[in-house]
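Heads up, the next two complexes both have subunit A, just with different partners, subunit B and then subunit C.
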Partner chain A sequence: MSKTQTLAVGDDQEKLLNEALKHVEANAFEMKTCLDNTKLMDALKHASTMLSELRTSLLSPKSYYELFMAISDQLRHLEQYLLEEFEKGKKMSDLYELVQYAGNIIPRLYLLVTVGTVYIKANEGSRRDILRDLVEMCRGVQHPLRGLFLRNYLLQCTRNLLPDISSKEDEQGGTVHDSITFILHNYGEMNKLWVRMQHQGHTKEKERREKERLELRILVGTNLVRLSELESIDSSLYIKSVLPSVLEQVVKCRDSIAQEYLMECIIQVFPDEFHLQSLNPYLQTCAELQENVNVKSIVISLIDRLASYAYRTDSGIPSNIKLFDVFQQEIAIIVQSRPNMEVEDIIALNVSLVNLAIKCYSDHIDYVDKALGYCNELLTKKISGHIDHNGPPGRELQRLLKVPVDGYDEDVLTVLKLENYLSLVKMLNYEGRKSLSLYMLQAMLEKDASIESFTQAEALFSLLSPLISDQDDQPTEKCDPEDFEEEQSMMARLVHLFRASQPDQQYQILNGARKQFGTGGDTRIIYTLPPLIFATYRLITAYKTIKDEDQKWRAKCEKIFQFSLQTIMALCKLVPELSLRLYLQGALTADQIASETIAYEFLTQAFTLYEEDISDSREQVNCITLIMGTFERMKSLGEENHGALRSKCAVAASRLLKKPDQCRCVATCAHLFWSGKVTTDEGSFQEFHDGKRVMECLKKAGRIANQCMDKVVQSQLLVDLMNVYSLFREKGNTEVSSSFLKQLIDKIKSDIEELEDNDDKTLVDIHFQNTLQHLRHVKANEGSDS
Partner chain B sequence: KKKKITRDLIKTKMVLVLVIGDLHIPHRANALPPQFKKLLVPGKIQHILCTGNLCTKETFDYLKTLASDVHVVRGDFDENLSYPEQKVVTVGQFKIGLTHGHQIVPWGDIESLSLIQRQLDVDILISGHTHKFTATEKEDKFYINPGSATGAYNALDTEVVPSFVLMDIQGGSMVVYVYQLFKDVKVQKIEYKKKS
Partner chain C sequence: QTHTKMSFFGLGQGAEITIELSDVEKRRKVDVKNEEGKKEKLLLYLDGETVAGSVSINLKGRKLEHHGIRVEFVGQIEMFYDRGNHHDFLSLVRQLSPPGELTQFTKFPFEFLNVDKPYETYTGTNVRLRYFVRVVIVRRISDLVKEHDIAVHTLSSYPDLINSLKMEVGIEDCLHIEFEYNKSKYHLRDVVVGKIYFLLVRIKIKHMEIAIIRKETTGTPPNVYTENEQVAKYEIMDGAPVRGESIPIRLFLAGYELTPSMKDINKKFSCRYYLNLVLVDEEDRRYFKQQEIVLWRKGDLRVGRKPVAK
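And now, the complex of A and B:
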């Protein structure tokens, strides 16, 4: 076969391969037939013919591999036969001789390897010597592709036959040292062949050759796998006898494909304990690799592996190995030796380093900080202005900044303690910074992380600044409204994570938050201030709990209420309905600490808002009902204030637009005159229980009901009123006489009868019947009580 | 005979109803307690009756992931103003009324609540607003308040315990499970049969 023949392509490959496989099949059949008839010589001839197919230069590595596999399978039969012959007791020492006379070197060597394997299995001769001979013999094939596969065949055959004992029990058998020698020799030769492929043929075809080389890399790597399978190799033997030769070959070959693959392979194949002990030689070699080798990936691979290992094992990293320092130095060396290294690659190295620090040295926040600081240093040298979040450096930097957020799983707020964190964040452009703020915020909300000190809060606000207020480098187009709402909602929820252990500190945090949120403008405060206001109300409750320990608690509460008041005022014009409700909640809170003045002030503010800014009639009904419901619950108001508010409510109720609403609200007002609570000068409170005023309200409501033009609505309202009358009667209002009720019942009955038959009438009637049933029940119980 | 048994089985099929409300997210709370979130698994619940004060669409969407049939009534802090003031739903043999309760003065007053029960003509009236779980029987009608699922701030109650209710309705019988979060989740069971 001519060496200069170019490889056929595509369909031709398939044709060639199929033809070769047919020959293999035919010869294999013949071989097996001869073996069955114990015609060994003939069998060997056929085997030789079969093996001649492997002499080809026309097949691509992929096709050659297929051919190789087919032939290897067939050689198993031969091997099996020979082994059986040995076991039968047949002497076959001249087998070597027989096989030597095969025509060409390829078939000859394959057969020799096969026979050698049989000798070892049958314990004929010195294992050590046979192995040595075989690995030397293979030198006869210097063609890269053919040589690689031949030596691979050697490895396959000797797979379970390599001696794996450390001491010399059996001189003939050999020790693990012999295996090491054997494999390292094979490895060295295979690597040389593999590298030689790089320079075969025309420079035009370099890309194809490199692709083919990559397809074959596992052949070389298998040597390292074999070494890792030798159990007698412990870490000291590895460092003394295995690694140096492996690394030597890596450096010597000066081939970047080989270097990149083998360095990775070493990491993957050997245990992490070995790597921990051999960092120095390994990293030294990294520094000696070719310029265009992707050293970054290799180092990252190693760091990540060791980080996982340390994380998994209980013992972690042995204390004598300063893993972090070693790698930080290594990274520094690499970066320095490669001045053209891309920014994203520098950052990627730091990602692994930070990951290592968090996984292996979780107590040492300073390690992480150091790594971040170092990265900061490198970046400021290389870059000016903001880093685009979309480009490779920006994406890598975001990845780096997310590592601590993900890594500090127990306490995500540890991130805030990293002094160099914020300066790295600031290097990103607006989108980058915002994306990171959201990431941090999301993590905090999911983990319900408590912010317990003012310093923490301040650090957090710095980090979240893109979400808090408009930034200078913010794009002018508006953010998508849904996204904006979602982000601000998250900021709102953040307020509930402020959990200082002492009320004084909590106030400090809330105050700081108020200032920060204020810078957000009208679009943001409608989301962020309401939860803040509720936080102040919770704080009042907290102070009330410690009132025995803190003499100044009342004064502090007053200050807080001032704060709440002013905060609500900022919202009044923007969201009046919500502000009104916030005032009412404030009134209730003030009521709880018996602060009449403050409670009254909040109620007044609510009323003012109601009168000035609530114009929708439906909303007016909602608001006045809320005001009355709130007011009814209050206990701290003296008669002067209470009376003023009772009147205001009554007037407001009667001024509603629609009659039915008026009727219902005036009826609700009645409760203020009954269960509304007034404080006496001594400090205790009493329910008002003015039966007459209650009746007045209800009768007025009745009159309004009668003014409704819609008869169904009128009946409905009267049934409602009937229920209310009964309720007050049951609560002890003696002004509600049973005769009055009877009158009302009769009126309603006749009104309903006159209604048109339809669904509405049915509903009213059912309500009426239910009410009558209830009255009967009440009467029955009254009877049983007396 | 077979047909009758099948018909009976269909009639008495078990229906799970989640009764929940007053979450007040994001005004007063960050999120549902994780212990509750773990219990509320999609696909197990047929109906959700929510007393209101979610307060935003985000929480509504979350409820929708638990069951497709979600009923919400308007609370005083709900963003969505189009939720109705009251709703009536029938499950099994029970007519169930739903309202938030801030509209009912005095707040939480059982007599005032019974006014609504009579008006809506329901067997069970569900209301909220007080952030306190209650289950009361009055004149053969049942009143349930699921409390606040997040334990949200209530000015009138310093000891709000996060809670929600699960009703297991079979025909005319109902078992009410109330879940409350003290240090851990505690469950109580109350049985109720509709008086024919």
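And now, the complex of A and C:
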């Protein structure tokens, strides 16, 4: 051999390859010509010359592969010809000997394999012996690249010729055992060659070598694929005769690239049923792999595969296989055998384990808890202080903790039953805990998960504490206000998930929530308390529906109102207007259960708040309107209370700052004297229908309107009043006379005429005309009715 | 059929001698290299077989005077560096005719009954061993001579007892191998089967081959000539093995031009065979180990075969 061992690079590669391909083509042509002229000897000589191209040491694996493909294509012609020759009666045994005279080993062995294939097809000799001979003779090629490709050619040629029967009847033809021996032998040799590549050449080319090795791994893996294609291999044969040798080779080669690839390959090519039966040997092997092998990803891919298998199949995991236990024990052993294993890798293993437990053993919460407990112990030992959420262990830990949240899809609150969950969460730093809390919260909101007991709520509050209140290890700088708002709004939505079936329990939950939320500080309670107050009102309604069953319901309601009042009080200074609305809502709720004292209390609280804390004139208008609207609808107040409040309203309305506001509010106040309701001793109520008082109010409003300096506004207010008059007239207030109305209409008409021509005037005029039309319409109807 | 051989000095009195061996049709022919190194097809005889035939003399002129006609069967060893000096280890003579005169075409039958032919026909680098039938018409000035070569194979049968050859060789701290050939004696159509175990490899081996070497020794001391000829070269390993590898050897002998091993043939020459195991490293240094094997010809002969691309 005159060729040197150094590999050409770049353009040279291409040139060399093209040259080699040219030679191949030329010799292949000669070979085929000779075959056409039935000159077998000459054809073999040309084939041999062509095959000599594969003796090169200059090509990179990629180029060598191309050359190999071109040549193996050509060899198919030869094989085809030989098959025809055999059919014509040529003895293959002679030919099998003949090709062995080739002086160079590479061409000789390629020819031997080609003829051997035909020899087997000819059924002339013992298939088993031929296979054995071929695989044995290939030992002569110890050069990694050339050896790998030669053996690949052997695999390729024998692909459909491997005996695949389990019975012993046909000794000559061989059984599946012979095929197993054959492939395992070839696999062992190929792996050795592949591993050997790592130790060739200069150390500084290590990276390139590893890349090349990765390109070639499929050649080794093909052996395993062939094994998996043998249909006569059942799981017991696999465990007895296939797996041990495969694993032995993996361990023995002591090469991390090979170990990683082959272990992965085993998982991928063999069926899940086999894996289920061979977990122990497989996982034990994992513990024996090289220090730098990524055992984590191997085990994970096995677990994930089995988990999805169990999920897929109806039967699930056979009951005799303690899948979870086996994995847990073996993982513990693997971890023990690798003292340098990264914490995050160990957690990652448990991520898969937890996933498996959830998917395959949904009723075994203890499994998940066991895995979490294991991590808990591990982390306590290995890490002191909080775990950084952005570091590798922190990220894995978060992943681990999210698995149950995602996994208990339908019942996300199962997470709360996991004893070790919270303590693991607490190991994370503030950001980690918070993001996990949010994740949990979001999941609950999405799934609309009902919280039905106080214990659940308690557990949840512990879990969500970073959202509920400031934490000791919280960073000093404020978080983004938008984020904060979003997060607290989610907390607010959480309140709506409190849904105990028993009102007593619901109260317990709300009470608990109140205590927790109370610790959140001013910035949080404005989000979290309002929904809680609404929840108390809903609870009151709930008690009302069961009042026949619960004797003490009223007492309980009073207690709840106390609770609501106090809660609103916490908000008064922070969000007065909102608090006022909450009081009013409370008043309405109390009204529904006919609790006059409480309703009155809520209303007076609202008034107090109005007087003390609402200073903006626009807000005042809104609030007083709200108060009057609420008051108007209430029906549980006795005359005494009602009267006090009525006059209070009237005074408040007339004390507003702006005349137009005074005018409108006083007009609104008129309703209290018409449709306001007063309860009687018998428990029933009746509306006032005090026409005179209504007129007084409206007239007062009219006077205020007249005091307006701005003529446009004045006209507008009068048109508005005219509408109110009309309304009361329709409601049957006889105090509103036609002549009075006529007078008002004339006044408005002349006022409008005096206005300057502009858009405002047009608008007022249109309103006025519409109102007139309405009046005419009503009148026409009255006429037809009578 | 042999062609005419004219005598220079027998002008006008020449004769064409034809030697015809019996059973030409039935007897096997084999290739034998002649003096010029060209292959000739010769009839094959075995030890103890009768060599018989007839001699035909076709006159060129009207008559032929002679001092007697004889036929000889000769076994001869000829050294190429000493052409004139032949050594006949076998010489049998039959008188075909007493001195007299031939006037017409005459045919004489002859027979050498059950002749011992102790050695095998051989054409080597420096020496040739041949058997031939020679007809001599003795004349006054120059004899008319005609020779006809035959081929001889010596058959032997070795006991089935097989002694394998096994040996550990190496260079200290550098290379340590153990080789094993299945036999020490092979017949000419045998197969050498063996294995090389690598016990220690600290050199970068490029490839390994096995060669068959013929060692021909001629002459007697102190004038001994030794010729080494590589009869076959066969690559058995490509690339560098590591410790623990074992490499198979399978070498079919039938395709090569081999003879049985010959030892001290008539004290004139020997021809021995060696298997030479050669390892070549990346710097093209060669490490080798020669091991003699005995070749023998087995009685049961089959049709020959040709090797493929060598």
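Here is the rule we use: the second predicted complex is superposed on the first by the 693 of 786 C-alpha atoms of A that agree within 3 Å, B and C clash if a C-alpha of one lies under 4 Å from a C-alpha of the other, contacts with A are read in each partner's own complex, and residues count from 1 in each chain.
Heads up, the rule we're going with is that contacts are C-beta pairs under 8 Å (C-beta built on N, C-alpha and C of every residue); 3 or more make two chains touch, one makes a residue touch a chain.
This structure is a prediction, so every number in the text was calculated from the model and none was measured.
Novice: Who does A:448 touch here: subunit B (first), subunit C (second), both, or neither?
Specialist: A:448: touches subunit B, not subunit C.
Novice: Mind working out whether A:275 is in touch with subunit B, subunit C, both or neither, as first, second, both or neither?
Specialist: So A:275 meets neither subunit B nor subunit C here.
Novice: So, A:646: does it touch subunit B (first), subunit C (second), both, or neither?
Specialist: The answer is neither, since A:646 touches no partner chain.
Novice: Does subunit A have more residues touched by subunit B or by subunit C?
Specialist: The partner making contact with more of subunit A's residues is B.
Novice: Output check: A:538 vs subunit B and subunit C. Expected answer is one of first, second, both, neither. What do you get?
Specialist: first
Novice: One more residue to check, A:433. First (subunit B), second (subunit C), both or neither?
Specialist: After superposition on chain A, A:433 lies in contact with neither partner.
Novice: Now for A:48: first (subunit B), second (subunit C), both, or neither, which partner does it touch?
Specialist: A:48: touches subunit C, not subunit B.
Novice: Considering each complex separately, which residues of subunit A are in contact with subunit B in the first and with subunit C in the second?
Specialist: Dual-contact residues (subunit A): none.
Novice: Residues of subunit A touching subunit C in their complex?
Specialist: 1, 5, 41, 44-45, 48-49, 55, 94, 97-108, 111, 136-137, 139-144, 146-147, 192, 196
Novice: Tell me, which parts of subunit A touch subunit B in their complex?
Specialist: 445, 448, 486, 489-490, 492-497, 527, 530-531, 534, 537-538, 541, 545, 578, 581, 585, 588-589, 591-592, 622, 625-626, 628-629, 632-633, 668, 671, 675, 719-720, 723-724, 727, 730-731, 763, 766-767, 770-771, 774, 777
Novice: What part of subunit C is in contact with subunit A in the complex they form?
Specialist: Contact set of subunit C toward subunit A: 206-207, 233-242, 245-248, 250, 252, 255, 280, 282, 305-310.
Novice: Tell me, which parts of subunit B touch subunit A in their complex?
Specialist: It comes out as residues 25-31, 34, 56, 58, 76-77, 102-107, 111-112, 114-115, 117-119, 121, 139, 153, 155-156, 158.
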